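Reading through the structure tokens given below for one structure.
Labels run A, B, C and D following the written order; every chain starts at residue 1.
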Amino acid sequence: MRLLYFAWVKEKTGIAAEDVELPAGVATVGEVIGWLKTRGPEFAHAFERAEVIRAAIDQNHVRHDARIGAAREIAFFPPVTGG
Amino acid sequence: MRLLYFAWVKEKTGIAAEDVELPAGVATVGEVIGWLKTRGPEFAHAFERAEVIRAAIDQNHVRHDARIGAAREIAFFPPVTGG
Amino acid sequence: MIRVQQEDFDVAAEIARLKAGRSDIGAIVTFTGTVRDQAGAITEMTLEHYPGMTERELTRLEAQANARWPLQASLIVHRTGTLRPGDNIVLVVTASEHRDAAFDAARFLMDYLKTSAPLWKQETGPHGSHWVEAEPDDESARASWQQKRAAE
Amino acid sequence: MIRVQQEDFDVAAEIARLKAGRSDIGAIVTFTGTVRDQAGAITEMTLEHYPGMTERELTRLEAQANARWPLQASLIVHRTGTLRPGDNIVLVVTASEHRDAAFDAARFLMDYLKTSAPLWKQETGPHGSHWVEAEPDDESARASWQQKRAAE
């Protein structure tokens, strides 16, 4: 599973993208976030206020309760500020 | 008093502008229109449906009940269609 | 600024002129009205106007828009004379810090211009010429701004 | 059409491209978003984005606007990379027979783009850099379109 991080999420985790093996039982976006927070202080910091983090599965916006299913990539980022 | 005509009002009267002496007692725009209608078949035709004619006194839109006062010029025209 | 002219206008040049030497603008809206051929029914459009009063009305409308919204710059250009399908007729440009003011003011200017600027369109097609009739929708578009104002 | 690019855009060239070879268009609205210096607080703005998803979202928004309004042409261009005060950020162009559709669609595209296109602004000033916070107003601007749709 490919994970992507953007803007201040990327700055805090210190990485833009990585390939990971998700633990068994991690089925939703929210559960991925819960697992990421256990991966060290940078991740704990980046996902501290989990409720402000937005996510996309295979480049479609999703909510935290979305199921991962056969996702190829999941992205995590702050609320968008383009335009 | 200078009178101006635009668009199909001009086409129907056959003139773009003229200087006239208004008869005594003609005090409002509507009364000017009433008088103009008596000035021949072209004017009767141009002002036949008086209610659709718009007017301006000294380049300001006015209603038919507006008093002429010390107007220098009065213009008559159809509803505008620019833009 | 307002201009009434026979010549065409260049949207990019007008935007560049409004922006020249400043970097406080965040949003620029332009509206360009152009002559439609209406599936071949129109070969020419002639715009007649009331010289003097047109400039006066456009100046008045621009002042109203600037009183109602925090604009950093605004421009109205209206062409007169004989135009062909595809030609530009009118340009409105509004600049503001934020998009809402720029969008609202541009639309306000077009809605008011359509019902108060003394210009008249005559269309010519294969079967002759006729004066364009005013559209009742234009009156109601204008009236809606007065209602919004009253509600504020 | 949509484009995501580092290069600047030219509004007049984009309009000319949309109009090329056709004379059925009556109304063209453009929105240009530019970098504000905010009284000297901003010296640079960097736009990061999610390559692939940005194009996908803009394409989806453009399709939504075309489904909702009778547009004859539309264009969204968004720049990425490092910009300076006064520089262009985003361009939306909509063309229609009548002005209401062109105005509504341009505003809709901007309101949706602001809340769904995966782009993030980082501002740099004399005292360092920070990520721009999303504005609650942008969310309510978007929600108002959903209410209008529901009311139709």
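A few remarks follow.
Quick note on the criterion: a contact is a pair of C-beta atoms (placed from the backbone, for glycine too) under 8 Å apart; a residue touches a chain by one contact, two chains touch by 3 or more.
Just so it is clear, the structure is predicted and the values come from calculations on it, not from any experiment.
If you take chain B and chain D together, the chains in touch with both are C. Minimum number of contact steps separating chain A from chain C: 2. Centres computed as Cα averages put chain A at a distance of 73 Å from chain B. Note on chain placement: the centre of chain C and the centre of chain D lie 22 Å apart, centres being C-alpha means. Chain geometry summary: the mean Cα position of chain A and that of chain D are 26 Å apart. The multi-chain contact residues of chain D, meaning those touching 2 or more other chains, are 33, 110.
By the definition given earlier, chain contacts exist for A-D, B-C, C-D.
For chain D in complex with chain C, the touching residues are 10-13, 15, 19, 22-39, 85-86, 97, 99-100, 102-103, 106-107, 110, 141.
Per the touch definition, chain A reaches chain D in the complex via residues 4, 6-8, 56, 59-61, 75, 77-83. Within the complex, the chain D residues that touch chain A are 33, 47-50, 52-53, 56, 78, 89-90, 110, 113-122, 131-134, 138.
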